[in-house]
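Take a look at the structures listed below.
In what follows, chain A forms one complex with chain B and a second complex with chain C.
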Partner chain A sequence: MKSLKFSILGLTLAFFTVQANAQKFFSRTGKVKFETDSKMEKIEAKSNTASVVIDLGTGDMEVAMLVKSFNFDKALMQEHFNENYIESTKFPKSSFKGKIINIKDVNLAKDGPVEVQYEGQLTLHGVTKPLEDKATLYVGGGKINAYAKFKIPLEDYEITIPALVKDNIGKKAHIEVKAELEEYKKAQ
Partner chain B sequence: MKRILIAILILALIGGAIAYRMWNKPHENIAETKSVATVTSSDLFKSYSADEKSANEKYMAKVITVSGKVAESKVEEGKTVVTLQTEDPIGTVVCSLDPYSKQEKTSFAVGDQVSFKGICNGFLSDVIVDRCVLVK
Partner chain C sequence: MNKILTIAIAFMCSIAIHGQDLLSSVLGDSTAESMTKDPVFATFKTTRIVNLPSIENTAAGVFDFKISHRFGFLNSGSKEFFGLDQAYIRLGGEYGITPALMVGVGRSSYQKVIDGYAKLRLIRQKTNGFPFTVSLFGGTYLQTLNTNPDRQVLFTDKLSFVSQLLIGTKISDALSLQVSPTLVHRNLTATTAEKNDVYAIGAGGRIKLTKRISFNGEYIYVLPNQISTDFKNSLSLGFDIETGGHVFQLHLTNSTSMIEKGFVAENAGDFGKGDIHFGFNISRVFTIVRPKEKK
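Here is the complex of A and B:
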């Protein structure tokens, strides 16, 4: 019995050592989509230069982007979004800093999807609010494809919509984040 | 009376046409826009890592030309992103090719010396330049 206890301890130690050595995964080309329901016209913006970092050892994660890099199909909409709603000159960055709670379920040696639970702080328009939801990490060939989708009430982030168009723009924004993460290597 | 009605109708048509054109206004043509600064990827990264605020005042939301060696060229979902090496071991300049411009080249070899014109949008852990077009 004693030897069993020791071997469990040994295994646990070995496990933690492996976890501590686990590399960080990152992407400089994370894709973020911002969408709101609208009766008149679909409001949709995309960026493909978000940075995404996940630490497989600790579960720490961070997504950061520059709000000005959101592209709209309509140039006028992009102008209004930047100047009137999101005020991107005053608040150029948006980020999510948090933790994946069940990071231990992610096993690099086992290809396939893993549903993860995350929690943290989302900053947008200079306002920081807690956010928690589920995401999916697809492990494959030593890479991780991350996918997350969540809704945020625009009101919470002090984004005000002019009364004139209030009825045409949804009160919630749907945010979608996709990234193909590679192991972080210091030398290039 | 009839004349006034016709005049109003013409004014309404002109107004409508202007509104329609404004609504469908095209994106700024990067290839035809003059860049306000020409800088190497190393110098651009250095200005940002030294003082982000003053670098933003100089470059943010402006059309600039940045040149450097390709660290990586990636196509994801039909969009090309090229990262340029800098003297910093980790930092890069991330250049995202413009989806609204015609791109002659969408794949670049690592180590190639290239020059892109695009809109500098600021700094994360890398400098981000979006809507890039290749400069010959």
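Here is the complex of A and C:
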């Protein structure tokens, strides 16, 4: 009998520790835009199936997407992007795992933009590198609109550009992420 | 003892819940499930292996301009600069109407033939799914050069047709294979001994050497007792070199003709005797209709 009491106590405890930081916000339709600063040809692609999760309690955040979901205007460009540059069959997923340092500045009760500083690890093309930058979270009506923009050197992620087209393709990729995050409620 | 155990279990439970990935704890592994059953892409670099139509289609809304050359036979000697003095050309264009349906037209200088064809993809190979891509290819050829001066040639006599089933598979990033059962029908043959319907089996493949260069090969076996023994099976070996919007295909082949009727049923060159053409196909794509943004 006593052991039953204890186990109830233990489970309740476990339940509460989960509840304490349960204020998570998420989106499955995060928009990611990628662009390179090329002179010759505009190389631009969009995806709107990125998953984004932010834990307001701890500041932990995670973004994940399938690189194959990037849509280009030119079909051949998309094929080359997948086959030769990003190698989406070998490295299908790209992700960011990190933390918002000043998560305490985000107050759900107060609508308006909050500038946040984040840091973490970006994985792309099978290579993981640290990334830190600023992002903006717009709080409004119980939702959070997240917006981040950053640059990454393609070389760092072992994405090689052949000499022949070196002038056509920029050395850096500009990435923009937009997501409307909703509060995550556990399925009861 | 029992107490300690239950507390320990409860504690471990709470750790287990915390140790889970943030993303998968909320959304599940959503990216993993959509990864399976993805259509396989880039089985070949372009719509031809060398001469044989490949299972690749021109993308919807994309125009592919094709310039193909075959120089003379290598064994024609130094006087002919090993064939480079002569050239046969085919100019062609292909257009993707839908992702699965493309059409094409072309004109060859050899026998002055105008060709038109369509390719329809029936089934697409999927990762962890169906292992083959299957397409249908059909073409019509109008030979405007009269090769039968003794006979009154009707318009219908100038026509030939081809039907082909294309079965291809991308085994790995490096290796792709294809088989193409083929039927060529000629309304008029050169001699009565030759069959109007010619059955053949084409086979081809590619091995990727680098990200942008592949080695291609194809062979077309014509079933026996259908055509004159002067005609040989077509063998082609070459490289695909891809640079941005272009694909350059450089090859050696014993086929002079660049259309199915010619390289399947009327192929005079004997590879073993050095009747080999150096040739190239250049493919340049232009996006005509941009895809609408997916919702």
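Here are some notes:
Criterion: the second predicted complex is superposed on the first by the 165 of 188 C-alpha atoms of A that agree within 3 Å, B and C clash if a C-alpha of one lies under 4 Å from a C-alpha of the other, contacts with A are read in each partner's own complex, and residues count from 1 in each chain.
Keep this in mind: a residue touches a chain if its C-beta (ideal position, glycine included) is under 8 Å from a C-beta of that chain, and two chains touch if they have at least 3 such contacts.
Nothing here was measured: the structure is a model prediction, and the numbers come from that model.
By the document's definition of touching, of the two partners only chain B reaches A:180; chain C does not.
By the document's definition of touching, of the two partners only chain B reaches A:31; chain C does not.
After overlaying the two complexes on the shared chain, residue contacts for A:51 are found with chain B and with chain C alike. In the superposed model, A:89 makes contact with both chain B and chain C. Taking chain A as the reference, the larger set of touched residues comes from C, when chain B and chain C are compared.
Applying the stated contact rule after C-alpha superposition, one finds that A:74 touches each of chain B and chain C. Overlaid on A, the two complexes show chain B and chain C touching the same residues of chain A, namely 28, 48-49, 51, 64-66, 68, 71, 74-76, 89, 92-93. Those residues of chain B that touch chain A in the complex are listed here as 22-28, 56, 60-61, 71, 74, 76-77, 79, 81, 83, 85, 89-90, 92, 94, 96, 99-100, 119, 121-126, 128, 130-131. By the touch rule above, chain A contacts chain C in their complex via residues 2-3, 6-7, 9-11, 13-14, 17-18, 24, 26, 28, 46, 48-49, 51, 53, 55, 60-62, 64-66, 68, 71, 73-76, 79-80, 82-84, 89-90, 92-93, 95, 97, 162, 164-165, 168, 184.
Of all the residues in chain C, the ones that touch chain A in their complex are 2-3, 5-7, 9-11, 13-14, 17-18, 21-23, 26-27, 30-31, 34-35, 38, 41-42, 59-62, 96, 127, 173, 211-212, 242-245, 285, 287, 290-291, 293-294.
Residue ranges of chain A in contact with chain B, taken from their complex: 28-29, 31, 47-51, 64-66, 68-69, 71, 74-76, 78, 89, 92-93, 180, 186-188.
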